[in-house]
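Below, each structure is written out as structure tokens.
Paired with subunit B in one complex and with subunit C in the other, subunit A is shared by the two complexes that follow.
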Partner chain A sequence: MAHFTKATSVKDWLNQRLAIETVEKVMASEYWIPKNINFLWAMGMVLAITFSLLLVSGIFLLMYYQPDVKDAFYSVNYTIMRDVDYGWLWRHIHGVAASVVFLIIYIHMFTGIYYGSYKKGREMIWVSGMLLFVTFSAEAFSGYMLPWGQMSYWAGMVITNIFSLGGLHLDGLVEWIRGDYVPAQAFLTRFFMLHVLLLPLAIMGLIGLHFAALRIPHVNNQDGEEIDFEAESKKYLAGDTAGSKVIRFANDFMSKDLMVVGFFLIFFFYLVFFQYGFALDPVNFDPADGLKTPAHIYPEWYFLWSYEILRPFSVNIGLVAFGFAQVIFVLLPWLDRSPNAVPASRRGMFKVWFWVLLVDMIVLTAMGKLPPEGIFSTIGLVAALLFIVLWIALPFITKNEKKA
Partner chain B sequence: MKNKEPLILVVVVAFTLLTYWLVEPYAHSVMHKHVESQNFAYADLKPLTKTGNAAAGKDLVMGAAACTGCHSIEKAGMPSAMDAVSAAASYGVNPPDLSNAGAIYDAKFLADVIVNPAHALKVEHKFDASKGKMHPMAPFAGAGGELEQEVADMVAYLQSIAVKPDQVTPKMAYENACGRCHSVSYEKWTQIGEKPAFKFEKDSLAFDIKVLEYQESLTKYMGKLPPDLSMYIRSRGEHFISTFIENPQAHLEGTAMPRVGVTADAAHKVIEYLEDAGDTKRHERASVGKMVLIFSVVFAIFALLWKKQVWKNLH
Partner chain C sequence: MGKAFGAVAGVGAVGSLVAMKKTWDPLPSVKAAGFTTLDMSIYKEGEIITEKWRGKPIFVLRKTAAMVAKQTESQKARDVVVGDAHYMLAIGLCTHLGCIPAYIPAEESFLCACHGGQFNWAGEVTKVPPPRGFDIPPFKIDGTKVILGEVGPEYQKMKDSGVTL
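Showing the complex of A and B:
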């Protein structure tokens, strides 16, 4: 057993039992971050803040929401929006944050791709990040079911139908997922459970893994420079803070994070109060009606690009393409054959690949929302094919990349 | 080293705005038919050429034109001949009380609806006299005098008994123009009136049964039960509702919903009623929003200053 002495202060008492000084060093003041980073490196903190906003607003909404097909719509649109003081505020924060969190996730992802932050020991950061993307997607989808509006119902119908896997006709699987032949009470209750318990638990676990994965390879920097963290941190601690290539996580890095968070929150709250329509779709303010299909069924904007990879093809080919799109990002660290872990701007063909992929995904996103008619379906088909070709070409163009 | 952050910010913002523009304004402009408002001018209706005489109009409304055979005018001491449920059973929908019709409805519309209801209401596709399908409201063919003058007199009478147009309340406009077909459950409004708070469940259920009976007649008349409008301000938006009221056929050709002929002011009142129902906290949202934004700006300034202080020794 460890030796305990009479504590001289509260801090000392805690220190003997929890080693708080060591924890503080490991987690904050001697957790070393490269100095050569830009504001894109603060997206992790922005995501943490947005997730906290989702969690807190979700807790308040959970106090009044009724997971019952007869009462769900009313509990959201009457009880929460009208009866409960500031219920509308929590709902708007929750709805807008659910949409904005994906914008930041995409910025975070494309930052990682641009700067090659999935290479040289950082593979697990990328993989855990992609797992977070998948669980966030499931969380967003399950949450979208809860107001039990027209789009909840019909998006639920369309997305669960995907699991029949086209020509395989696995209708039994679809019924098993729904707990019924169509989305109904069993469906709503299980998606409620997933949304408020299982998926948030998975997300929090994965966030822990994501942070842990960062620990050993350290944070990347904007020039892909290999930094001797040992030597540079000694330099910092010796007093040469200006000459050292590293900074403390707290307060050095934190202060910059918080500054970015500050500007982000202005943007975020502007959306919450004055520009929320993009996140709270009008169609979902009609109560669910299984007898009335909406004229246009579309997912939320952040799913549109993968929806558009499914849509332009015949059922079976579309599903294969869709499956491809879902897993291909996870494999990025192995599909990129080049050893260069530097920004895309210094990687020749990869630079072209990056920007074409980004633009292609924006085109897919737009076509995923537009009705699949005339020129839109042609553009959608070409963009979907281009997406697949880009990923197949990636190993070849990176294999021949010159040493940067 | 050159500071690349401004350039990076421009790139991030540009791609974000482009994506937003494509999936929101652009995609919705493609998906939804755009109907321009005509400011409730009702240009297809003939303007009134005669100056009406309210006293003569009163005699017509109460007498020869037989308006009060179906319409109540409570202000003039004319109660309805039957309750809402029986009226709906007879006519399909309960005919409106005419007390404030002169303030809620456009004068040209009132004149036209008196002589040719199906035309004014834009339901000629449904009620075609030549095919033996008469609109339940009988057209007024004249009481011996000049038709245009008689119609002008009746309109003048309705305007003379109505409240001043600026005294029309949102509730008044909604109930008269929309509320006999559309319930607004979030405001406790049913097609036969506001549901009172009953002491006994038996009475509450009896009221509900009356509503159901009314809705049965209405459904038969309209083809389907007109929707509850509680959340329409969020699901359809102001522009859609306003232009839909102005001319339902422009949005949805062949719809059974009639043009109700409200004035531009009354249409605003209807919108306000729907905002109170489905966007109740909009004023609170605007005022809280302003305060939160001011707080966020102050927070960002302090965060910026703190960063500058911390990083002073790092450069």
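Showing the complex of A and C:
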């Protein structure tokens, strides 16, 4: 048994039992962040804040939502939106944050790709990040089912049908996932469970892993420079704060981080109060009807690029292409064969690859929203093929890259 | 010791997985509700009617004399004959990802708005992405009635010859 002395203060009392001073040092004041970064490095904190907004608004929605096919639509559109004081606020926050969180995730991802932040010991940061992307996608999809409107029902129908895996005809698997022949009560209740319990738990666990993966390799910087964090932190603690290449996580880096978060939240609440329409599809304000497909079905904007990769092909090829698009990002650290961990601007062909990929995904997103007719079908097909070609070409163009 | 512990834990894990799998199966009440009886004498020629079976839309089209006359061999294989009337009977879901295609009377064909697939009046696919014509629900002919969900000899023949899945 450890030896305890009479505490001199509340802090000392806690310190003897929980070592709060050590924890504070390890987690904050002696966790070191490079100075050579820009506002894009604040996206992690922006995501943490957005996730908190989703969690808090979700808790309030959960108090009035009814996971029953007869009541779900009205509990959302009548009880929460009209009866509950400020119910509309929680719903708008939840809907807007669910959309905006993907915008920030994409910025966060492409920042990582641009600066090579998935290399040299940072592979697990990338992999855990991509797992978070997958769980966030599942969370977004399951949440989309809950208002039980026309888009909920038909998105549920189409997405669960993907699990029949085309030519394999695994209809039994699809019926097992739904608990019925079509999306119905069993389907709604189990996706409700996934949305409010299992997936949020998985997300929180993965966020822990994502942060843990960051500790040993540390945060990357604008030049991909390998910093001796041991030496630089000693320099900082010795008083040479100007000469050191690092700063404390808290309060120094946090104050910069929260500056960006502040600007983000102004933008976010502008959307919540004045421009929430983009996150609430008008078609979903019709109650679910299994005998009437809406004229034009499309997913939320953040799934459009992968939807467009599925669409132009016959069913089996489309599914293979779709599966490829889902997993290929995870393999990035191994498909990029160059040892250079520097910004894309200094990497020759990789620079071209990066921008072409980004533009291609924007084109796919735009085409995914348009009806599958005429010239849009053709552009979509070309963009989908280009996406696949880009990833196949990546190992070859990076293998011959000159040392930066 | 490790092996013994592993064996006990393994049995427990498999048992839990079985229970979890079974819990997600469709309930008996869902399965029991899976039969629908249609009175085939009420349909008018050339008019598409949507019925409901297991929550899914069922297209019923009593073919016109002109349609029956021009049927190809593959279309005959999908034909459901009750008495002296010919019907197109199919699950009204696109075989791609399950949207409901809309019937366009002028073209005597179905167009799916989701991914642009097309089917003709006999239920055959005419434009990808759908991989095959409409699926035909299990049916049994009983006088002028058709019971959906039960397998009759006419349906069995279609299934055996690969006309439907």
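The rule is simple: the second predicted complex is superposed on the first by the 404 of 404 C-alpha atoms of A that agree within 3 Å, B and C clash if a C-alpha of one lies under 4 Å from a C-alpha of the other, contacts with A are read in each partner's own complex, and residues count from 1 in each chain.
What we mean here is this: a contact is a pair of C-beta atoms (placed from the backbone, for glycine too) under 8 Å apart; a residue touches a chain by one contact, two chains touch by 3 or more.
Keep in mind that what you see is a predicted model, and the values were worked out from it rather than measured.
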After lining up the shared chain so the two structures overlap, which partner does A:N77 touch, if you call subunit B first and subunit C second: first, second, both or neither? first
Looking at A:I397 after the superposition, I want to know if it touches subunit B, subunit C, both of them or none. Which is it: first, second, both, neither? neither
With the two structures laid over each other on chain A, which partner does A:I297 touch: subunit B (first), subunit C (second), both, or neither? second
First, second, both or neither for A:F285, with subunit B first and subunit C second: first
Between subunit B (first) and subunit C (second), which does A:V158 come into contact with in this model arrangement: first, second, both, or neither? second
Between subunit B and subunit C, whom does A:D180 touch in the aligned arrangement: first, second, both, or neither? second
So, does A:F274 touch the first partner subunit B, the second partner subunit C, both, or neither? first
Considering only touches as defined above, state whether A:V100 meets subunit B (first), subunit C (second), both or neither. neither
Which parts of subunit A are touched by subunit B and by subunit C alike? 295-296, 371
Which part of subunit A faces subunit B closely enough to touch in the complex? 35-36, 38-40, 77-78, 81-82, 88-89, 92, 103, 107, 222, 241-242, 247, 251-252, 255-256, 258-259, 261-263, 265-266, 269-270, 272-274, 277-278, 280, 282-287, 295-296, 301, 304, 358, 362, 365-366, 369-371
Residue positions on subunit C within touch of subunit A in the complex are 21, 24-27, 30, 34, 50, 52, 54-57, 95-102, 113-116, 128-131, 165
Touching residues on subunit A, where the partner in the complex is subunit C: 154, 157-158, 161-162, 166-167, 169, 171, 175-182, 184, 186, 190, 290-297, 311, 313-316, 318, 371-373, 377
Residue numbers of subunit B touching subunit A in their complex, please. 1, 4-5, 8-9, 12, 15-16, 18-20, 22-24, 26-27, 30-31, 186, 230-232, 234-237, 278, 280-281, 284-286, 288-289, 292-293, 296-297, 299-304, 306-307, 309-311, 313-315
